[in-house]
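What follows is a single structure, and I will ask about it in a moment.
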Amino acid sequence: MLFSYLPIFILILLVAGFALATLFVSHALGPRRPTQAKLAPYECGIDPVGSARERFSVKFYLVAMLFIIFDIEIVFLYPWAVILSSLRLFGLIEMIVFLGILLIGLLYVWRRGGLEWTT
Amino acid sequence: MSQAGGPILSTLIVLPLLGVLLLTIVDGAREGLIKRLALAVSGLDLLLSLIVYVRFDPAQAGMQFVERASWIPSIGSSYFLGVDGISLPLLLLTTFLTPIAILASFSGIASRVKAYMICMLLLLSGMIGVFVALDLVLFYVFWEGMLIPMYFLIGVWGGPRRIYATLKFVLFTMAGSVLMLLAMIALAFLHQESTGQLTFDLLELIGGSISYGTQLWLFAAFGLAFAIKVPMFPFHTWLPDAHVEAPTAGSVLLAGVLLKMGTYGFLRFALPLFPEAAVAFTPLISALAVIGILYGALVAMVQDDLKRLIAYSSVSHLGFVMLGIFAMNVQAVEGSILQMVNHGLSTGALFLLIGMIYERRHTRMIEEFGGLSRTLPRFALCFLVVTMSSIGLPGLNGFVGEFLILTGTFRVHKGFAVIATLGVILAAVYMLWMWQRVMWGKSRRAENLTLNDIGCREMAILVPIILLILWIGLNPNPLLRRMDASVIHLLDGMRIAATSEVQIPPSPPFVKGGWGDLVRSAN
Amino acid sequence: MTATVPLSAYLILSAVLFVIGVIGVLIRRNVLVIFMAIELMLNAVNLTFVAFSRFLHSMDGQIIVLFVMAVAAAEVAVGLAIIIALHRNKESLNVDEINLLKG
Amino acid sequence: MELVLPQIDWAPFAPLIPVAIGGLTTLVTDLFLPPGRKYLIAILSLMAIAASILISIGLWGPILGSDLEMVRYGIHDAVVLDRFSLFFYLVLGLVSMLTILLSMGHLDTAAADQGEYYSLVLFSTLGMMLMAAGGDLIVIFLGLETFSLALYTLAGFWRTDLRSNESALKYLLLGAFASAFFLYGIALIYGATGTTMLRQIAAFLADGHPPAPLFMIGGGLLLVGFGFKIASVPFHMWAPDVYEGAPTSVTAFMIAGTKAAAFAAFLRVFLLALPALHVQWSMAIWVLAVLTMTVGNLVALVQDNIKRMLAYSSIAHAGYLLVALVAGGSSGVASILFYLVAYALMNLGAFAVIIALQGNEQERLLLTDYAGLGWQRPVLAACMAIFMFSLAGIPPTAGFMGKLYIFSAALEGHYLGLAVIGVLNSVISVYFYLRVIVIMYMSEAASPRPLVPASVAAVLAVVMSVLGTLHLGLFPAGLLDLARQSIAAVAG
Amino acid sequence: MPEGTFLVLMVAKIAVVFGLMLLSVAYMTWLERKILSDIQVRLGPMRVGPHGLLQPIADGLKLLFKEEIVPQAADRTLYLLAPVLALVPAFISFAVIPFGDRIRLFGQSIDLVIADVNIGLLYVFGVASLGIYGIVLGGWASNNKYALLGGLRASAQMISYELSLSLSVVGVVMLSQSLSLVQIVDAQARVWFIVLQPIGFIIFLICAVAEINRAPFDLPEAETELVAGFHVEYSSMKFAMYFMAEYANMITVSAMATTLFLGGWRGPWLPPVVWFLIKLYLFIFLFIWLRGTLPRFRYDQLMRFGWKVLLPIALVNIMVTAVFVALR
């Protein structure tokens, strides 16, 4: 089991090594002549206004929340999908109930305007 | 159902509740109607209780008018009512005093009449329940439930410090009684262990074999609850507060009936259930009773508030009752029961009288009065009779009770009896001194000279009590005769239950007959 | 090549993670960090379940982990919603400053 | 891989289904209802609960038969159908129904979203029912989480009210924290016994396996988790803040429902799976009970916000319930069941009065706001007084009978000390319950409170609760018999 | 097979695949520029080498020698780490995709897949979604408004489309009864899943484009709105790494589309590896073509499309497929 992942680990080491090495090489080779203007945040050439860490639209949070819920539902779908052929009708009904509830949730969010990006 | 054709005791309890229901649907603004309805209901209850009195069979020692119905079978509790010679006088006292208290409230209570009358009727129902319940749980339900209307009576219609007084009253009572509840449960389980039957039936539980050590604990728990209610000497501090703050009718019922529940509790429950422990506790309780007699009297002497004075006199009087109960012979116990009734009548009447004068002058301070006998002759006369009754003047009811108690006690605890006699003298001192300051001498306030004497309604309140005072004083036998069998039964039962190491004093031969016989038998 | 890692190692690891989560909840003041610490606790428990599942040769533990994950996700969603609602009304995520209700 | 499909017995799920469907339907219906007809949602949810109650009643006799110890299982042990479950289905149905009724007056114009609210109430009820009927620790956990998640949201339902936000946040953080402990306990028990099914755990231990340290720790962690949910000291710190900040109707629901569900599961786990730990648990719970009662009552003495006072009172009541748990035996368990019903009635009743008095206006919850109410609103105030007397345990009310059973169970189990501490505590409690009455009847309002027309639904809830409270106080035998029948399958 | 040989073969496979990936990534930039210029009727890079063939190498060298700038306000650690976080997942997700049938070489039987794990599909999704951290953290660590907004948009977009992406392949899983990519390819021996799952395929394709932030879903780096989005502050090799990650992701999703819907390496006459490469580059061409043809979505259109169109369709697709599979 674990053994089949060995190549992946080697690959990860390889890629990570490559990435770090590249970083290091570019760090070593590139020139460094920092100026105040160069190090300031880029705002199309004018002086930066305020901090970048300000509040952003609440919609992003909403998407995050919806994602978590639906993503976890999908987690349940995968094992079911693999063995659906053996589960037959039983599995089908179970999942239709499950997906039905999910759809009601989606419908609810939809009607409530949770999916509108513009207000 | 021994004699009666119907469940008369339940009717006694339920009738006031029906009255409550009736009152709730009456418009609160129609005060006259409400007052008359309440009076009618309580009067009806009085009539019913007179039927009980008439039909009561004095020869029977056991419970009469018994009603029994299944209530909570799983914990062995049933709806079990009955009356015997011990509870009958108190039952009558209750039904007699309540209409009077209601009548007395016609003028004293100006606001929230409807709620007031509802409370009075609830209280009536609860008080009757306490005296007729023969199942421990049922008794407890009435015992505690009755607190609710009393709590409102003091708290809503009371004097300036009513909230403090009412909370103190409830908390003191609760503190004692919850332990009693535990003791009741423990008793039932102990009984179950020995007999295999879980029951809260008082008659079943009496005579059970409980070890001496356990009896002491259980008796202590019961005793504490009752002693607080009586109230006995160290637990009495709630009483003056409650009395002073309560409205007149509240005081009447509090002094007249509620305090008797404590002494009744001792007789009905603590003694027969735990005879050996009762004997063991006798010295302590008798001593406390005597201390209470003297302490109450001495403190009463220095009061300048009439109500507070009467309140402390109650502590003293109930000391007599306790002393008599723990003498455990027939004279003393019957004297105690009689004295309970007497105290209810005389103290109730005193509170009524004080209420009447308070309605006129809005003060109860002794120093405010003086020379009232000239302006209020009828009032003064009534006051005199009642005061004499309270002191124990021969020919009035108080004398009979105290005499029986003292002679009964003298047989067994000479020392206590002698000291207690001192209490009688002190009572005469503080009562007469009070009467003198209020009724004689010069009036210290101009208002006193222009007061109206008591009118017809007020006479109607007082006359029945005074008649009863005289009747019991001159002919106590009808009442005493009804007690005999039950009291003897009670004391015999204790004697049988007690083992050799503790001794219930033997009863002297009891002579039946008229007033003369009674005095002879005491010698 | 398949060296067996003893069960105790997994259990100790998950216990340590759990305790780190507990400490995080107790000493950190930022709501989001506390929230993450709670998630850490849940995942530590998941590790325990999986380890036991493997050790006991029973699938139950792994299925339970799925349930727990779903629950944790729901908790996150609800939690985020609550935190946002709070943040809109009061611009602070420090639990010491969220003290309108006297504790 | 050979797949064995589980045998499914649908009967155990039957009472759950209408609640679940109701939860979904209310959510969807709300989306399509015009604003003027939103009250239909509450009606719909009431119907769902009523259906569940009817099914439970139907299951009681005909399906379970005359054998009191009859048990049926859903999928494996996931959901157990016995009289114990049914009893709690009924209790929770009652709680839910009263909650919906008292919410109807509370929500109308409070800018609340009706569909979500009732849907969450129903889902929360579903979770509670699942927890009460779970025969597997994981199902119990799922039930717990289901209702907790719904309650977190409900606690923060007044989104623009900072106090509501704060309540939700505190509930969430501490609730999730407690859940993690609970779950860890399950994990350790799973590790020690190889299963999470209560029956199999019991069988494992009965098989002669001594409880391993792992198992003991697991049991302890479960205790911590339950302790949090029933708000027992020292795991109670969330309760007052949460109860105070949440919308009043939600507080009522939480106080009554959570406790019933948590105790149901507590009892089942305690009695069915962990009798091996009885001695250790009893000692621990003894301490918890004493602490809970005492701290709850003492702190309640000094509260001047009525919700907060009731919150501490609910902590104290958890203590009384723990007394019965320590006492154990069939009397102890039956008394818990009885007390939970009484407790639900009197608490929901008290909250219904609070709501009926305030309608949907700005919350006026200081005790002093109730001054003079006894005469302004005689009927509601009288009901409030009855609930207070009941909470204080003064007869003839349900609260008294409940305490009577609990303390008699404690004495039957020879826990005299516990019983004495318990009754003394109830004397302390009399003080603060009576204070409410003192304020209502015996003090004058500084500025007379404007009269809010009480909503019919809230008044209905009040009346139902009062009748229930008095009925149980006067004729407790029926419910007690029911409780005794209900525990036959669990406590033997 | 002796362990030593096995290890050598494994390392060799890894090295070859990694090398080819790097090379492909480099030359895909050239390819893209060439194709785009053809579409736009211009020449594209011509100067460095014949037809600009050496352009990618020149670009690489140039970036390597560029000045490294770390903005003052940035979170230094995260700023440096973010590109690595983007790059690594992009390159390792290919590991489980079979690029050819089993071959015999030097007397050894070799699977043409780096690692055949039984949950290959989950592995790809899992690892690929890690890449989002590189983008969002890079955007956040730069401490620049454009970068932050770009990062947020990227994450919102990617998680939105990831749902439909994951749902679109559930049908495939149902049909193949496995999560191993090798077995999924085997299951397509008779008929490619594109035939059985046409809707799934289309959804997959759309979501794939969105996942790798390619036009018309390239909002996170939309020049006209956000300058360059999340990597506005990045320069030199760190910038290059984001670039490489994007192209590596293109390869991965193309390979996934091939494997899941087009029968992987299967095909007549030609050797399997060749078939695989043909299909792979078909998709890559498609992606470039899309870029040359389609205008960019507006952000609200993009989100609405994902949640209101793709997600419901994907769910319905699953239900329909499930009915067929269960009742077959």
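Order of writing sets the chain letters: A, B, C, D and E. Residues in each chain are counted from 1.
In this section, contacts are C-beta pairs under 8 Å (C-beta built on N, C-alpha and C of every residue); 3 or more make two chains touch, one makes a residue touch a chain.
This one's a predicted model, so the numbers in the text were calculated from it and none came from an experiment.
Engineer: Would you mind naming the chains that touch subunit B and likewise touch subunit D?
Structural biologist: none
Engineer: In terms of touching chains, how many steps apart are subunit B and subunit C, taking the shortest path?
Structural biologist: Steps on the shortest route: 2.
Engineer: Centre to centre, using CA atoms, which chain is the farthest one from subunit C?
Structural biologist: B
Engineer: Give the chain pair that accounts for the most C-beta pairs in contact.
Structural biologist: A-E
Engineer: Going by C-alpha centroids, which chain is farthest from subunit A? Tell me that one.
Structural biologist: B
Engineer: Taking each chain's centre as the mean of its C-alpha atoms, which one lies nearest the mean of all protein C-alpha atoms here?
Structural biologist: D
Engineer: Can you compute the centre-to-centre distance for subunit A and subunit E, using the mean CA position of each chain? Integer Å is fine.
Structural biologist: Chain centres of subunit A and subunit E, defined by C-alpha means, are spaced 14 Å apart.
Engineer: Once you find the CA centre of subunit B and the CA centre of subunit E, what distance in Å lies between them?
Structural biologist: Taking the mean C-alpha position of each chain, the two centres sit 96 Å apart.
Engineer: So what's the Cα centroid distance for subunit A and subunit B, whole Å?
Structural biologist: Roughly 82 Å separates the two chain centres.
Engineer: Could you tell me the distance, in whole angstrom, between the mean C-alpha positions of subunit A and subunit C?
Structural biologist: Once rounded, the distance between the two centres reads 20 Å.
Engineer: Check each residue of subunit A and list the ones that touch at least two other chains.
Structural biologist: As it turns out, subunit A has residues touching two or more other chains at 6, 64, 66, 71, 83, 87.
Engineer: Which subunit C residues touch at least two other chains?
Structural biologist: Residue numbers touching two or more other chains: 74, 81.
Engineer: Can you tell me which residues of subunit B touch two or more of the remaining chains?
Structural biologist: None at all.
Engineer: Among the chains present, which pairs are found to touch?
Structural biologist: The complete list of chain pairs in contact reads A-C, A-D, A-E, B-D, C-D.
Engineer: Using the touch rule from the top, collect the residues of subunit E that touch subunit A in their complex.
Structural biologist: Going through subunit E, the ones touching subunit A are 10-11, 13-15, 18, 63-73, 80, 83-84, 87-88, 91-92, 95-96, 114-118, 122-123, 142-149, 152, 155-156, 159-160, 162-163, 166-167, 170-171, 173-174, 177-179, 227, 232-233, 236-238, 240-241, 299-300, 303-304, 307-308, 311-312, 315, 318-319, 322-323, 325-328.
Engineer: Which residues of subunit D touch subunit B in their complex?
Structural biologist: Residues in contact with subunit B: 374-375, 378, 389, 394-396, 400, 404-405, 407-408, 411-412, 416, 419-420, 423-424, 426-427, 430-431, 434, 437-438, 441-443, 475-477, 480-481, 484.
Engineer: Considering the complex alone, what residue numbers of subunit A touch subunit E?
Structural biologist: 4-8, 10-12, 14-16, 18-20, 22-23, 25-27, 29-34, 38-44, 48, 51-53, 56, 59-60, 63-64, 66-67, 70-71, 74, 77-78, 81-85, 87-89, 91-92, 95-96, 99, 102-103, 106, 110, 115-118
Engineer: Per the contact definition, I'd like the list of subunit D residues that touch subunit C in the complex.
Structural biologist: The contact residues of subunit D facing subunit C are 138, 141-142, 145, 149, 152-153, 156, 159-163, 165-170, 172-173, 176-177, 179-180, 183-184, 186-188, 190-191, 194-196, 237, 240-241, 244-245.
Engineer: What residues of subunit D sit close enough to touch subunit A in their complex?
Structural biologist: Subunit D residues touching subunit A: 1, 3, 5, 24, 27-28, 31-32.
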